Amino acid sequence: MNAPRLMLVLLLVGCFTLAARLVPTGLPADGTRRGADSVAALLLGEGRRLFANHLFVKADVYMHSGYYPTIFDHAQLHGGANSTRTQAATGTGQDTDQGFLGPPRDWLDRFGRNFYVTTHSHLGDDEEHCEHCRNKAKSAPAEPGHEHHDGEAASGDVREILPWLRLSAMLDPQNVETYTVAAYWLRSHLKRPEEAEKFLREGWRENPDSYEILFELGRVTSEVRHDDARARNLWELALRKWDQKNRGAVDPDLPLRRLLLGSLARLEERAGNLAKAIGYFELLKSISPAPETVQKQIDELRAKR
Amino acid sequence: MEPLVKIESLIVEYRSKERGQPVKRAVDGLSLDVQAGEVFGFLGPNGAGKTSTMNVLLGFVNATAGNAFLFGVNVREPIARQRIGYLPELTYYYKFLTAEELLRFYGKIFRIPRAEADRRIDAVLKLVELEPSRHRLIKTYSKGMQQRVGLAQALINNPDLLILDEPTSGLDPIGRMKVREIIQRLKNEGKTVFFSSHELGEVETVCDRVAILNQGKLQVAGRVSDLIAQHQMNLEQLFLKIIGYQPATN
Amino acid sequence: MNAVGPLACVVIKELYRRKDFYVLFVLTALISVLMGGMNFFNTQNIARYIKEICLALIWISSLVIAIGTAARQLPAERESRTIFPLLAKPVTRADVIAGKFTGCWLACGLCLVVFYVLFGVLSAARSPELNWLQIAQALVLHWFMLGMLVAMTLLGSVVFAAPSSNGTICLIVTAGMLLLGRHLNKVALQLTEPGQSIVYAVYFVLPHFELFDVRDMVVHSAPLIAAGPFLLALVYAGVYVAVFLLGAWLVFRRQMLN
């Protein structure tokens, strides 16, 4: 073997030896490479969460058929009101027809509106404007993944948001909202509960302490599969997880607890366990913004007993 | 008879980009004529002002003062260049074209009709001996072949005047000989050739008249045979004497 | 202006004999097909997602082709010294600028047609109710935007010495305008003087490339752009092309070539 080849072989051997020694030292103490077990995580590191969030928002942009506020529109809506020039340009309030866009600020702005989506519509609902979302846009820009009332979007076109949610979950499996939003659309509009359940279970594996995923899993089980026993187990587990996570929290996640308690109460009511149902309604009353309505339901159940 | 090239009191100055630097005068009051049908050698050491003079003739640089005419037309007019062919020094032609495509491109610039262009392309490729390589991409050509394709493009419009800037620079002896033969053939066809060179032997062989420049000024001009007879020395010795070269003594 | 046509032909020949376009086209096709082949919850006929990815790749490729092609034209002529035999012929510097622009713009147009055919085929494979008129409208707007970009890059190539620096600057300006151009006026309104006036001036002076980016309208099947604004946008692009080319000629005609 000539000298250059020998040198090459020796260098390769050196590289392998160094790699064999250094790789174990690069691993954390518990011996796992948390977060680096996917190509995306390996390539992008923590930056993948940014991409994941972008893709998650993209799904919402699709839901609104491209009519969506940017960070600049957010700034205008929140901070821009203080600018006297803004008030002069836009009048006293936002024009309802133009939503977050407001009236054009100059001729270029007016002209430019011919070249991007300026009408608010939803997937599968091209003609009809969504009053709920328009009102929401006036007070605050559309939130990522906010839910729409049933029947708002025709089921077919909603599938267009799914790729972004799937990709978002691939990049950031710890974002629980991705799983619950995707599951909601799969279950309620696309009539694919088996896919919703599969995706939720995937999310549960990544986030074993997520009560949100458990709640959504319970909904699939109860509303689609009509398996109340399993739904009860899931929701009770969700309630325990909620307690663990929110105990002593300054700002506990009350909306989801209300949903959980309400769902459990109705499930027990259906099952004829009225005492248990009343128990859940009592808990709900203590955190409900409309306790008198809950009290009415409790009274009705007491009357039935 | 009106000269094909007429230069009158030409001055070319370059302003330095750096502040405070003096203006450099590259050509200083040059006047000369080139008559139809002659081969004119334009000599001088590096920096003498040969290329600057050619640049004015070709319209690349505007004269600071004085005038230059081609065929009686001021060189500032693009039409003055309709009947000239120019071979620059060391040019690397569009490597993604073949020789034929390159010549067709230049032919189109002169608005040569298709049939006439075909005929001329055949003729010039034959003249520069590139006929067998006409469909090969220029990037595969040797340096000598590139120089010959340059000569071919200079001839595509069948020019009456050829301006060649150091046409044999960087070529091997065979390449030089071939270029010299081409110039000789063009001379025989009655073309006017105005060329700069450092190869004094070559100039002596092919030129009818020469002009020697030094530091932007015309030092001497005349027929080669007259200059040799007048100064009782060969062209190389005369050139060295004019530029003030003192050989080192041991 | 005899030279404009032949010069343009040489630029087009250069583009199709170089590998750049083929590499970008194959990459675009490959990535689009691979991304389109992914399974999302066993759901069929997901069209918008693949349209979005394909169009994004087409836009990136077109910017690379336009800037890359235009940025190297004049520097390459000078570096290889072909500018000398060219200008020694009855060709003016204005002809050179016009010829290079025409060539680059037509070459970009040809590339765009190929890319948009790919887009059409991929989209049609997912959703049969394809609006070809809308795709044609997007293609024309895209092409005119590339015209502005080519003219701007040609101007840059006579101002900046190195093609790489020119390419980088043009790419940054283009990306900046595509992403932020529409919002510069909003940013200006948030600022105090003199920042407000400066940003507003920039907003009006810089070419609004984003006007020509109607990807969202194609993806979300928005209604066609009305003829009036559409034609006005083409005029807007034409004005900027003229301004950039005039600037390029003014700089180039004074430049010493030796």
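The first chain written gets the first letter, and so on, giving A, B and C; residue counts start at 1 in each chain.
We take it that contacts are C-beta pairs under 8 Å (C-beta built on N, C-alpha and C of every residue); 3 or more make two chains touch, one makes a residue touch a chain.
Just so it is clear, the structure is predicted and the values come from calculations on it, not from any experiment.
*Asks:* Please identify which chain has its centre, taken as the mean of its CA atoms, farthest from the centre of subunit B.
*Replies:* Here the answer is chain A, farthest from subunit B.
*Asks:* Which chain is most central here if centres come from C-alpha coordinates alone?
*Replies:* Measuring from the global C-alpha mean, the nearest chain centre belongs to C.
*Asks:* Can you check how far apart subunit B and subunit C are, centre to centre, with Cα atoms defining each centre and the answer in Å?
*Replies:* Centre separation, subunit B to subunit C: 41 Å.
*Asks:* Quick one: report the Å distance separating subunit A from subunit B, using the average Cα coordinate of each chain.
*Replies:* Chain centroid spacing, subunit A to subunit B, equals 75 Å.
*Asks:* With chain centres taken as the means of their Cα atoms, state the distance from subunit A to subunit C in Å.
*Replies:* 37
*Asks:* Inside the complex, what are the residues of subunit C that reach subunit A?
*Replies:* 38, 40-43, 45-49, 141, 182-183, 185-187, 189-190, 196, 203-204, 208, 210-214, 216-217, 219-222, 225-226, 229-230, 232-233
*Asks:* Could you pull out which subunit B residues touch subunit C in their complex?
*Replies:* Touching subunit C from subunit B are residues 14, 51-52, 55, 58-61, 78-79, 81-82, 84, 86-97, 101, 105-106, 108-111, 150, 153-154, 157, 163.
*Asks:* Per the contact definition, I'd like the list of subunit C residues that touch subunit B in the complex.
*Replies:* Going by the criterion above, the answer is residues 2-3, 5-6, 9-10, 13-14, 17-18, 80-82, 84-92, 256-258.
*Asks:* In the complex, go through subunit A and note every residue touching subunit C.
*Replies:* So the residues of subunit A in touch with subunit C come to 62, 65-66, 70, 72-73, 75-76, 79-80, 83, 85-86, 89, 105-106, 108-109, 111-112, 114-117, 119, 126, 159-160, 162-164, 166, 182, 186, 190, 192, 195, 199.
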